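Shared chain: chain A. Partners: chain B in the first complex, chain C in the second.
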Partner chain A sequence: MLEGITSEAFILGCSAIGAGLAAIAGIGPGIGQGYAAGKAAEGVGRQPEAQGDIIRTMILGQAVAETTGIYGLVIAMILLFVKPLIG
Partner chain B sequence: MGFEIINKATNEVFISRTIINSFIVVILLSIFVFYVNSKLKKADPHKKPTGILNIIEILVGSLNNLVNTTMGYKFKSFAPYIGTLAMYLAVSNLFGLLGFKPPTADYSVPFSLAILTFILTQYHGVKSKGLGGYIKGFLEPVWFLFPLNVIGEIANPVSLSFRLFGNIISGVIIMTLIYGALGAITPIIVPVIAPVFHSYFDIFAGLIQTFIFMMLTMVFISMATD
Partner chain C sequence: MSLIENTQKKIFKRVIILALLVIGILFLTLPNPKKYVYGIIFGATINLLNFRLMSITLSKSVNMPQHKIMPYVMANYFSRYIIYGVVLAVAAMADYISLLTAILGIFMVKIIIISDTFYDTIFKRNKNKSIDPTSSNSKSK
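Up next, the complex of A and B:
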């Protein structure tokens, strides 16, 4: 079945699949950031005068939570553009 | 993504487009700063500020306020560094709107800024705790966690720079894909639909990432000193 496919093309195809799998890492930050935003909305509803502080803390926490998603994105981009597996 | 910077055979040096763009940003900011400075010297401090000085005064005041509330009053000498970071990053991230590739879409720019933050963090850690206390901080809570603490410290600049780089480069890639897709459907709808995505990926993400880079720099430095 694999006849006629060069090893380089095979590695490129597998890299594309790996990049797609790495992008699944975006699920975690999505859930986490949504949870943080929901809690912040609750906080603003309870204490509207602290809105500035709550938003600043929320954005900082979301930025840290985003790290794992960014790692996934970077791995996907390295697989797609730098092509480290092709020697 | 070329890795060959110098072609040995012909003695040519290759400079990537993003480096040129970052120099354009620096030159534009320098012109702006000299312009404001010359206005500031002529202005009378006993009168109300007018024109651009009014805006600059609001910006500087809110920056000082932000640094004071985040880092405490004893770090108020950091405000110029944070302000420089904010100006450079905001202009670089918004540079994509003019059709250039933003300088922060090249990993060298965020990484060098993150290295600056890393060195500042370590320097102020040593300065405030002393060398013994600084090394002792790595041996807590138990001594065999030393390698883990070192890795955790090195991961800070990596994640800081990748966060900025990842957000900006993903915006650049998605905008390229959107332009390609819209152009393939019909070129007439490009100016209608593209600005919506530009306002999210360039303006919103760019300014939020600028703010986050500033905030994390301040938090890292003030965390290293207590």
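Up next, the complex of A and C:
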């Protein structure tokens, strides 16, 4: 079945699959950010005078949370473009 | 000026200072630091612009109807994610930009936020220790 496929091409294909799987890591923070923003809106509705504090805390938290998605993206880009598995 | 804008300005200022510090170290330590410096500038600039975009999105989303918030925030998050992807791809493909320093630049806002929290925690702890007179009395007893 694998006849005619060089080992380099096989590794590149596997790297591409790995990159796709790594990029899935970006979905989680997206859902989390949406959920957090919804809860923040609830909080602002309950206590409108604390809007500035709530939004500030949310922005800082989400900036930190967003980078966890970027980790996966970095791995994907390294697998795709730097090709570390091919010596 | 509002609290949010103040915080943003503070973070912008600190990120620029940190980037300049790293650029200075690169110039002092490496013989040919041009591509590393380009990487830092590229990553940090995109990171700051994306941070600004995120704060605008979130400030808008708080005043939206509840059922529209999640799709709006998620769509904006994925647009930022694509921007980061393009930046990383360009940094990986271009010979004149270092991927490593571009990654470092992309994480600068996170480094600043976490280091600020660490600094506050340590500073407040020391302040409490120096102010609280009962702790030294209780130890001496």
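In the analysis below, the second predicted complex is superposed on the first by the 87 of 87 C-alpha atoms of A that agree within 3 Å, B and C clash if a C-alpha of one lies under 4 Å from a C-alpha of the other, contacts with A are read in each partner's own complex, and residues count from 1 in each chain.
One rule holds for everything that comes next: a contact is a pair of C-beta atoms (placed from the backbone, for glycine too) under 8 Å apart; a residue touches a chain by one contact, two chains touch by 3 or more.
Computed from a predicted structure; not experimentally measured.
Once the two complexes are laid over each other on the shared chain, residue contacts for A:Val74 go to chain B and to chain C alike. Of the two partner chains placed by the overlay, only chain C lies in contact with A:Ala37; chain B stays clear of it. When the two complexes are overlaid on their common chain A, residue A:Leu60 makes contact with chain B and with chain C alike. Between chain B and chain C, more residues of chain A are touched by C.
Contacts of A:Ala25 after superposition: neither chain B nor chain C is touched. Using the contact criterion defined above for the overlaid structures, shared-chain residue A:Val82 touches chain B and also reaches chain C. 56, 59-60, 63-64, 66-67, 70, 73-74, 77, 81-82 are the residues of chain A that lie in the contact sets of both chain B and chain C, per the superposition on chain A.
Interface of chain A with chain C (complex): residues 26, 29-31, 33-35, 37-38, 40-42, 44, 51-56, 58-60, 62-64, 66-67, 69-70, 73-74, 77-78, 80-82. Contact residues of chain B toward chain A in the complex are 1, 159, 162-163, 165-167, 169-170, 173, 208, 211-212, 215-216, 219. Put simply, chain A touches chain B in their complex at residues 56, 59-60, 63-64, 66-67, 70-71, 73-74, 77, 81-82. Note for the complex: chain C touches chain A at residues 2-4, 7-8, 51, 54-55, 58-59, 61-64, 66, 69-74, 77-78, 80-81, 84-85, 88-89, 92-93, 99, 103, 106-107, 109-110, 113-114.
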